[in-house]
Amino acid sequence: MSDQLTIADKTFKSRLFTGTGKFNDSAVMRDAIIASESELVTVALKRVDVNNQSDDILTHLQENHINLLPNTSGVRTAKEAVFAAELAREALNTNWIKLEIHPDPKYLLPDPIETLQAAEELVKLGFIVMPYIHADPVLCKRLEDVGTQCVMPLGAPIGSNKGLKTLEFLEIIIDQSNVPVIVDAGIGSPSHAAQAMELGADAVLVNTAIAVSQHPIDMGKAFKMAVEAGRIAYNAKLAPVKKHAEASSPLTSFLN
Amino acid sequence: MSDQLTIADKTFKSRLFTGTGKFNDSAVMRDAIIASESELVTVALKRVDVNNQSDDILTHLQENHINLLPNTSGVRTAKEAVFAAELAREALNTNWIKLEIHPDPKYLLPDPIETLQAAEELVKLGFIVMPYIHADPVLCKRLEDVGTQCVMPLGAPIGSNKGLKTLEFLEIIIDQSNVPVIVDAGIGSPSHAAQAMELGADAVLVNTAIAVSQHPIDMGKAFKMAVEAGRIAYNAKLAPVKKHAEASSPLTSFLN
Amino acid sequence: MSDQLTIADKTFKSRLFTGTGKFNDSAVMRDAIIASESELVTVALKRVDVNNQSDDILTHLQENHINLLPNTSGVRTAKEAVFAAELAREALNTNWIKLEIHPDPKYLLPDPIETLQAAEELVKLGFIVMPYIHADPVLCKRLEDVGTQCVMPLGAPIGSNKGLKTLEFLEIIIDQSNVPVIVDAGIGSPSHAAQAMELGADAVLVNTAIAVSQHPIDMGKAFKMAVEAGRIAYNAKLAPVKKHAEASSPLTSFLN
Amino acid sequence: MSDQLTIADKTFKSRLFTGTGKFNDSAVMRDAIIASESELVTVALKRVDVNNQSDDILTHLQENHINLLPNTSGVRTAKEAVFAAELAREALNTNWIKLEIHPDPKYLLPDPIETLQAAEELVKLGFIVMPYIHADPVLCKRLEDVGTQCVMPLGAPIGSNKGLKTLEFLEIIIDQSNVPVIVDAGIGSPSHAAQAMELGADAVLVNTAIAVSQHPIDMGKAFKMAVEAGRIAYNAKLAPVKKHAEASSPLTSFLN
C-alpha cells in the first residue's frame, strides 16, 4: 500500500517519530527505537559529541532506515536557534532541523514569536524546518506561509504524558493545514497516539512515554502498532458518533 | 509469550471479541472478523436459523479458531433470558451465553436486577455466563459472587461510538474484580479500545465500530492492532502523568 | 416566581440539599447550612442521640425552614435499611428517608439490588423514599416504578469531589424520569453544581465540598448562588454549542 | 468586602465583562447587561456611529457604572489594529482598547504575532491594552512584558459555547501571570464561567452565551451569580479531589 508520508524530499513508511532523551541505557534506547520502526529520530545537539567517534547516541543509531533529526532544544531566542541549526547541519551533515525554542524552564512551552522568526530565517538558509509549537491554528498557517515543511503542534506539555489536551485545536489545525501535521509532546500512551492518527494527524512524535516506561522496547512496539492502527482507522473512516443507542443485535423481542 | 486470557475452560490469544450485527454483507462480515483475529464472536439467536443448513451467519463463521457466543439480545426479563439461553445451548451446542437484558428501546441499557437474577439461575444451569451490564462496580462484584465467569461493563450506550464515558468506574471495576473484565459497548475507535486495555481491561468487545465503518475489513485489522498495543503497554507499564513538563532533551542553554 | 421543586407533599424554594457530615465544628455547620439556604438536610441516624436533649446536630438545626432528612448510611442490606428507616421515623418524627446502601468500604458505591428491594418495601411502609444510586438509567426507572418520590444518581464516588463523571447517563436519566432527579455525590465545586442544574437536574445534594472547604460558610453561599444560576440558565435555555466560531462583533474588515 | 479587581486605574466590583454583539434587540441588550451587573462592556467600533447622537448602542449604555471597551474586531494586522484603536480613542474618549486581531474568517482565532506587535505599539501610544489571544502561556508572558494591563486567553473559539477547552493551559497562565487573566471566548454557560473563576481567573468575558439565549436578561443574571459563586469558592478554597470515596456520614455499620 502506498499510504506513505512525504516531508520535503523524504518518504516515510512509519508515521511514528521518536526521540533519544531520558533513556537509562543506550542499548535499550537503540532497541526501543528499532522496535518502534521509527525512521526519524530527534537528537539534541548537546548530546552529540562530534569529535568523539564512539559517541554513545550516534553509534547506536547507525541503522540504514533511521534518519537523525537534530533539535535546537536549550535555545531561547531565534538567533540562538539559527546558530544551533547551523552547528547541527555541520556536525550531522543534515539540513533537517527540529526547531524548538522554549524559554520557560517549568513547562517548556514554545515561544511563538521567536519560533516564527527563526523558521523564516532557517527556510531562507536552506533548512528543512520542523517547528515545535503550541496548538495555535493561526501560528501554524503563518509557519506554513514562511515555508516550513510541516508543523508540530503539542498535545500537552513535554513529558507530562497527559494526552491530547489541545484536541479542539488540533482538529482545526488538521482541517486547515497544507503541510503535514505532526503531534508532538504530551502523548503518554499508545491510545493517545492512535487518537491523534484517527483525527487525521500525519504523524506523531513520542519520546518520554517510550523512554521512561518500565519496558521501553515493548513500549516502542506498542506505539508502532497503535500509530498504524490509528492511521488505518482514519483511512477506513470511523463509524459516526450517535446520540442514541443502536443495537448491534436485532431488537425484536426474542420470544415474540 | 504466555499473556493469554482464560475464561472458564477456554484460552484466547486475542483479547478482541467481536459481533455479527449491522454488517451490510456476510462475506465482508466474515473477512472483517478474520482480519480482527477475534476468537469469540457474539451472535444473536434470532439471526440463526438452525433448521437452515445454509444459514448465512453460521456458514460464514466456520473457522477453526472462532468460537460462537450466542447472546440473549431482545429479551426483557430474567425468565426470557433463561429460556433464550437454553434455546441457544441446544441450537449452537454451547453452554456459553452472553447475557443481555435491556428492556429500554431507546438507549438499550441493561437491567441490573433482571441480569443478576438470570445470571444466578444460568450459572446453576451450567452455563458459562458473560453478563453485559452498566459500569456499576457493586453489581460487578455481585455477579462475580453468583459465579459469572467474567463481567462486561459498558463504556457508553451500544452503537453510540462515544468511547469510555464510564472511565471512572471501569477503573474501580478493574481494581476490584477477580474475574476478567471485558469492556463492551460504546467503543467507537481503535484508540478507545487501546485505552481500555491500557487501563487493565482483560478484553474488549467491538461490533458497531467495525461493522459500520466504510472499510470493515481494514477496521477489523486496526482494532486488532490497537488492542494488542494497549495490552503490551499495560504490561510494559505506562509512564506516569506529570503536572510539570519534563524535557526529553537537555535543558542547559545551548550556547553556554 | 413559581419555579419551585415539589417532592411528595413538600415544596422547596431551594434546589440545594446539604448534609451534616465532616464539619469540624457544629456552629460552623449550622452557619454554612443557613448560608446555603438549603431546606433539606441529611443527617446520619448514628449521629443523632435521641435521648440527649442537647444533641449537637439536632439543636443546631432548629430552623423553621430546615427539614431533616435521615439517611441509612452504614447499612449493608435491604433488611438493615428498613430497620434503620423505622428507627429514624420514630426518632425524628419524619417518614422521609434517604436510602443509602453501600456495602463497599473503599468507594462507598450503592448496591442496586438491595436498594430496589428496600425501596419497594419502604414505599409500602409509607415512607417518602429518596434513593441514592449509581447513575443507572434502568435502575432509576425501576425505582420510579416501585414508587420512590425521586431518584438520586451519583456524579462520582462520595467525597471524591470529581464532578459529573456520569454526565452521559445523567442526561439520559433526566430525559426519561417522571420523578425529580437529584444529583448526589461527587459534586466538588459550585461549577459542578451549576452544570448539573443546566442539564436539567431538579436539585443537587452537596456535603463534603462545603464541609471540608477552608471556609464552609462562604462555600455554602457559593453553592447556593451556583445552583440558582444553573437553574435560571436551564429555564432561560443555553445558547447552542457550535462547531465553527461565530463572531460577536461584526466581521467586515475594519478599514474597508 | 474588598475583593475587587483592578485593571490600570479602574476598580471593578463585577468580574463579569460582557459584550454588545448578537443581541436581537437593543433594549434587551441593555437590560441583559444591567442584569449582569457588568461594569465593562466591549463594543465593536464598526457598530458605533459617532456622528449620530441617537446611536443605538451607545444611547442604551449610558449607565453610570458601565465602562465601554472598544474592540478592534475586524482588523487583520497590527497596523490596522493601531489605526482602529486610535479612531476608537477619539470616538469614545477612552484609551482602553480590547485588542483583537483574527485574520481567519472560519474560526476567528487570534494572530499571536500581530497581536504582540500591536500591543507593544499601543502601550507606547498610551493605551490600556487588553489583548485577546490563544491560551498560550509564553505569549501571555510576552504581552505582560511589553506592558499590557491584562491578558485575555480564549477558552474555545468565539461563539462556540464549548467551554474551557484550553483548561490545561489556562491553569499555567494563571499560575504564571503578574497581570489579571480574563478568560474570553468559548464560555457558553454559567457553569463554564464559574469553573474559570474557581481556577483563579480574575474575570471572564461573556457575550454570545447571553445574547443568543432565549432569555438574555435572565441569562445575564445567571452569569452574574455564577461568576460570583466561582470567585467566592476560589477564595474559600475548594475541597481537594480524592481518588477514593470518603463518607460524609459515619461508616460504622448501623446495627452494630
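As written, the chain order gives the labels A, B, C and D, with residue 1 at the start of each chain.
Keep in mind that, in the parts below, a residue touches a chain if its C-beta (ideal position, glycine included) is under 8 Å from a C-beta of that chain, and two chains touch if they have at least 3 such contacts.
Which chain is which protein? Per UniProt: A, B, C, D = Thiazole synthase.
Since the model is a prediction, treat every value here as computed from it, not as a measurement.
Asks: Centre-to-centre on C-alpha atoms, which chain is most distant from chain D?
Replies: Centroid comparison gives B as the farthest chain from chain D.
Asks: Just give me the whole-number Å value for how far the CA centre of chain A lies from that of chain D.
Replies: Here the centre of chain D sits 34 Å away from the centre of chain A.
Asks: List the centre-to-centre spacing of chain A and chain C in whole Å, with centres computed as mean CA coordinates.
Replies: The mean C-alpha positions of chain A and chain C differ by 46 Å.
Asks: Two or more other chains touching the same residue: where does that happen in chain A?
Replies: 106-107, 109, 157, 162
Asks: Give the pairs of chains that touch; include all such pairs.
Replies: Every touching chain pair, ordered by label, is A-B, A-D, B-C, C-D.
Asks: Which chain D residues qualify as touching chain C in the complex?
Replies: 19, 21-22, 42, 44-47, 71-76, 80, 83-84, 100, 105-109, 157-162, 188-192, 194-195, 198, 207-209, 211-216, 218-219, 221-226, 228-230, 232-233, 235-255
Asks: Along chain A, where are the residues that touch chain D in the complex?
Replies: Result: residues 102-104, 106-107, 109-113, 116, 134, 136-139, 141-142, 156-157, 162, 165-169, 172, 176 of chain A touch chain D.
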